[in-house]
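In what comes next, chain A is part of two complexes: it sits with chain B in the first one and with chain C in the second one.
Right after this comes the complex of A and B.
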C-alpha cells in the first residue's frame, strides 16, 4: 500500500453489485476445465487407468514375481519347456522353460520404460528447439527448422539399424536412438504453436513490464504450448511401443536374454504352430497397451487441445 | 514549466519489408513533463503505436535508425538491453489496445498484476500479491482479494483493462503509455476507463501518453495533443487551441469529419477525400498534399517542417505557415 501513495482511486464508480455473486464461485482454470472434460470420458479414463496399472506392475515387478508367480525371469527349467498355460505356470513356459507371465512383467519394465523415456527425451529436446526457433525466429528459426527437416527425412529404419550396430542397444541407448528421430515432429509442433501464441498481446505486454526472454519463454510461452505437448506425449507412448517392438522383433532392439515384449515375440515365432501361447500373450499385451494408449491419447486430446474447442 | 520527463528527438523507426523500407516513424519529436497528459492521434498506420513502442524499444522487427529518446537524462536508444528492461514496467509502463488478449490466459489475474513488482521490486509472492490486490481495488475491481484468484477469462473486457492498468501502476511508473486503451471496449466502459486514467494521472501524478484515433477521447482527457500523419507529426499544441483553430489541413479535415454537439444543424459530415498514403512510396513533398484542398505548388516538392503557427501551436504546413487561414465549405 505504502509505495502507492495515499490517494486511492476508489471513488471511481464500478459496476460492483452485479459481480459480487460471481466473485464467490469457484475459479475455473483451463486446467480444471480440461481435467473435468477428461474425467467425463469414461473409456478414456479406463484406458489411462490400464496404462497406470501396467506401469505400476512393471515398476513393482520383483514384488509380483516374488509373491505371485514365484519364478525368476531368467530362471531356466529345461525339464519344463513348452508347458501349456495353466498350473503351475499361469501363462505357460517358453523353449527354455522360463515362465511367460514373469517374463511379461519384466518385459513391461523394459518396454514401458523405453517408451516413457523416449517420449521424455523427444519432448524435452523437441520442446526446447521448438520454443527457441519459434520465439527468436529469423535465421535461428531457419537453421533449426532445416535441421528438423533433415532429421525427419532420414529413413528411420536404416538409422535404427545403423545405430544399433554402433551402440549395443540397452533400454537407455534404445530410447535415445528412437528419440533421435522423434524430437523433430515435436519441435515442429511446438514451433507452430509458439508462432501463434507469440502474436498475442500478452507476450508484448510481458515484454513491456521488463521481463527477460528466458522468463517469457519458460513462464509465459511454455504453459501455453503445454496442452499440445500433453496430447503429443499421450499419443506418442503407443507409437513408440510399436516401434520398439518392431526393432526388438528385428533383433535391433533389446537383446536377449533381457526380456521385452518385442523380443519375446521374436523368440516365439519359431514355435507358432507348436506353442501358440508364446505368440499370443506378448502380442496381446502389446496390442492392448498400444490400444489403451491411443484411446487415452485421443481422450486427452479431446479434453486438452485448445484448437478443438 | 516543469522540467521535461521524457523527450523524443527526431525519432526515425524503419521496417524492412520485401516491398521496401517502411518509414513508420519519420522524424517525430515531442516531450512530456511529469503529471502531464499528451494525446497522440492519427489514423491506422500513421505511426502512433510504433512511436510508443520505439520509446519502450519494443519496436521489433522495426529498427530505430536515428533520433534520441531522453528519459531521466539518459538516451534510451543507447542504453543496454538490461538497463532497458529495468526501465520497462518500472519507470515506463504500457497498456495495450485489446484487454482480451493482453492477459495470459493460463495464469490467475492477481499473479499477473503482481508480476511487475516481483520483477522490479523483488517482492516475494505474498507481498507482491498484497500490492496487486490493493491496486486492483484502487482501479475499481470489486472484492479484489477474491477476484485476484480468478482467471482472465472470468473478467469482462472492462475489468481486464482495469486489471491491465492496475498491473501498469503497481510499480508507480513515471510515464504511462496507453495505446488505444478503449478501442476494444464498448462506449459506457470506455468512459469508465478514461475516467480511471484521469484519476491515475491526477492521483499518482503519472505522466500519461494516450494514443488513440478517437478525437473525442483526446478532447476529454489530454492537455496537449499531437497529430500524426504518415509517420510524421503534422500538428501539435494545447488540445483546446488545436481543436478550436487547427493549423494543419489534415487536423482541420479530421475535425470536420466527426459529428460534434456544437456544430451547425444540418451541416453534413465531410469525409477526407482519398486514401491514406502508401508508406513504402510516400508522395513527394507533404505526404498529405494529394488529399489536401489547400495545397499550393510548394507542397508537392518540399517536405514541410514543423514550425510555430499562431501563438501556441506547431504545424507542418506551408500553407498555414505563410499565414493563410484554413476555411472552406
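Right after this comes the complex of A and C.
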C-alpha cells in the first residue's frame, strides 16, 4: 500500500513511452482524470467558486462602489465617523467616516492581487531553480540547495520584517518580499520530483534520440512536475494571504490610506469600546477567504497529487 | 555510517548559518549609508557630530570590514552592543528569552498534549460526527489570522467581561506593572496568548496525527497483531500510536525554532515582552547590532532544530538510510 502510495501513478505507463508524443498523450488522460475528481468534490468546487466570486468582486470594485455602496474608498466624512452598520453604510464607517464595505472591496484588490502575484513569483523562481538543480545535479545542485537552506533557515517572519522595513513595500515589492522566502520550498519540491522523474526510461530515451537539455527540461520534466506545482500553488494562497495580512496589520505591508484587509485592523484595539464591526468584518473576510482557499487547495491536492492514491 | 552522516550534516549547517549572517547583513547594508540609529532622538546634531557618531558605531566602515568584525566578535561570544541604548545585545536576548520560552513552550506543549488524543480519536472514529467536528475545527485553525483571533479574545475576555463587571483577563504584558509577578499573575497573562498560539499547532498536529494513525492502522503488522489475538487497546496504543508518532516527532522538531520566532505576531498583539517583539521594535529603529544578534540566535536554533529532527528521525526509524 505505502509503496504504491509513494509511486507516482505515471510511472506505470512511462517505460512504454519511448516516443515523444506518448508523454503528452498520457498527460492528457491524467489531466482529464484529475479534473473529474476535482469536479466531483462538491465542497471543493464551492470553495473554488467562492474564491472566483471574491476575485471578480475585487476586479470589478469600481462597479460595486458605483452601484452598490455609492462611496469612494478614500472618501472621508468627518461628520459621519464610527457609524454603525445599517443604512446608508451597510458595514458601518471607520474613524475617518470611510465606508467599511467599500474599503473591504478595494482592500480585496490589494490583498488578493498581492497573494496571486506572490504565488506567481514564487512558483516561477522556485520551479526554475528546482528544475536546474535537479536536472544538472552535482555542484550546481549543491550550491542552489544550500542557498535554499539559507533562505529557509532564517525565521521567515524575521526576514519579512527586515525587508519590509528596508524596502518600504508597495503591493508589487510586498509580493516580491513574501515570494523571496516562498520560492525556497517550491524549489525543494520540484527538485525532489525531478530527481525521481529523471531516473525513468523515457528521459534516457528522449536524450538518446538527441533532445537538448532545454527541450528535455521544458517538454518532459516540467509537465511531470506540474501536478506538484498545482497542488503547492493552491495550498499556498491561503498561507500567503495570512502572512500578508499579518504584515499589513503590523504596519509593515501595504501603507494607509490604501486599504488592505490586514491594515484595516491595524489600530482596531482602539475601537473595542464603541465600534466592534471595525474589528469583526476585515478579520472575518480574511478568515473566510483563507478558509475557502485552503478547502479548495485540499480538494486540488486530493484530485491532482499522483502520490495520494 | 551514522557518524559520517552527522559530520556532513553538521558542516552543511555551519555553511548555512554563515550564509544567513551574510544575507542579513547585506540586507541591512542597504540602509546603513544614510542612517544613524537613534538620530531621530536629537534633531539638533551638526553634520560633524553625525560623522563622529557614525564612526563611533562603526557604521562608516566598508561592508566587508563590518561583516568580518561582526563575525569575529560573535565567534568570541560577543554580540556587540545595541546601537540604541548601548547595553549588550546578549543581555537583551537573555532578558527576553524566558518570556518568549514561557509563551511558546506552553503553546507547543499544549499543542502536543491536546492534538495527539484528538488525532487518535479522529482516526479511530473515522467518518463519525466527532471526526467531522474535529476536522472543521482544525481547518478553521489553519485559516484564522492569529492576530485577529488575539484581538477577538481581548475583545471578549478583557473588554467585554470588564464592561459587565465580571472577572477579566489582562490583555497586555507578561505581568502586572504594579505588584505583579507571582505565579497566578503570570498565568492570567499567559492564558490568552498561549491559547492563540497553541490553536495553530493544535490544528496542524491533530490532522497529522490522524492521517499518520490511519496509515499505520492499515499496515500488515497491525493486522498480524490483531490476528494473534492481541487486545484492541494494545494494538492501537502499543503498535499503532508508537509508530504513528515517529513522523510527528520530526514535525514538532521542525517547530522547535518557533520557540523563539513563532510567537512574534502574538507577542506584538498581546504586548508580550519577548524576543519577537524585541526584533520587531529594534528593526523599526534600525538597531543593526540587536537585529543581527537576534536573527543570528534564531537562525542557530532553526538549524539546530532541523539537525536534531533529522538525527532523532534517523535513530527512531531504522528504515532511514543516511544518504
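Here is the rule we use: the second predicted complex is superposed on the first by the 280 of 309 C-alpha atoms of A that agree within 3 Å, B and C clash if a C-alpha of one lies under 4 Å from a C-alpha of the other, contacts with A are read in each partner's own complex, and residues count from 1 in each chain.
The criterion applied here is as follows: a contact is a pair of C-beta atoms (placed from the backbone, for glycine too) under 8 Å apart; a residue touches a chain by one contact, two chains touch by 3 or more.
Just so you know, these numbers come straight off a predicted model, no measurement behind them.
Contacts of A:265 after superposition: chain C is touched, whereas chain B is not reached. In the superposed model, A:150 lies in contact with chain C only, and not with chain B.
Look at A:212: by the touch rule set out above, it reaches chain B but stays clear of chain C.
In the superposition on chain A, A:273 contacts chain C only, with no contact to chain B. Across the superposed pair, chain B and chain C both touch chain A at residues 1.
Those residues of chain A that touch chain B in the shared complex are 1, 3-5, 7-14, 16, 19-20, 22-24, 27-31, 200-202, 204-212, 215, 220, 223-224, 226.
Residues of chain A touching chain C in their complex: 1-2, 146-147, 149-151, 153-155, 157-158, 161-163, 165-166, 238, 242, 245-246, 249-250, 262, 265, 268-269, 272-273, 276, 279, 282-283, 286-287, 290-291, 293-295. On the chain C side of its complex with chain A, the touching residues are 12, 15-17, 19-20, 23-24, 27-28, 30-31, 139-140, 142-148, 151-152, 154-155, 159, 163, 215, 218-219, 257-258, 260-262, 264-265, 268, 276, 279-280, 283-284, 286, 291, 294-295, 298-299, 302-303, 306.
Partner chain A is touched in their complex by these residues of chain B: 56, 58, 84-90, 93-94, 96-98, 101-108, 115-116, 119-121, 130-131, 134-135, 137-143, 146-147, 149-151, 154, 159, 162, 164, 167, 169-170, 172, 192, 195-196, 199-200, 203-204.
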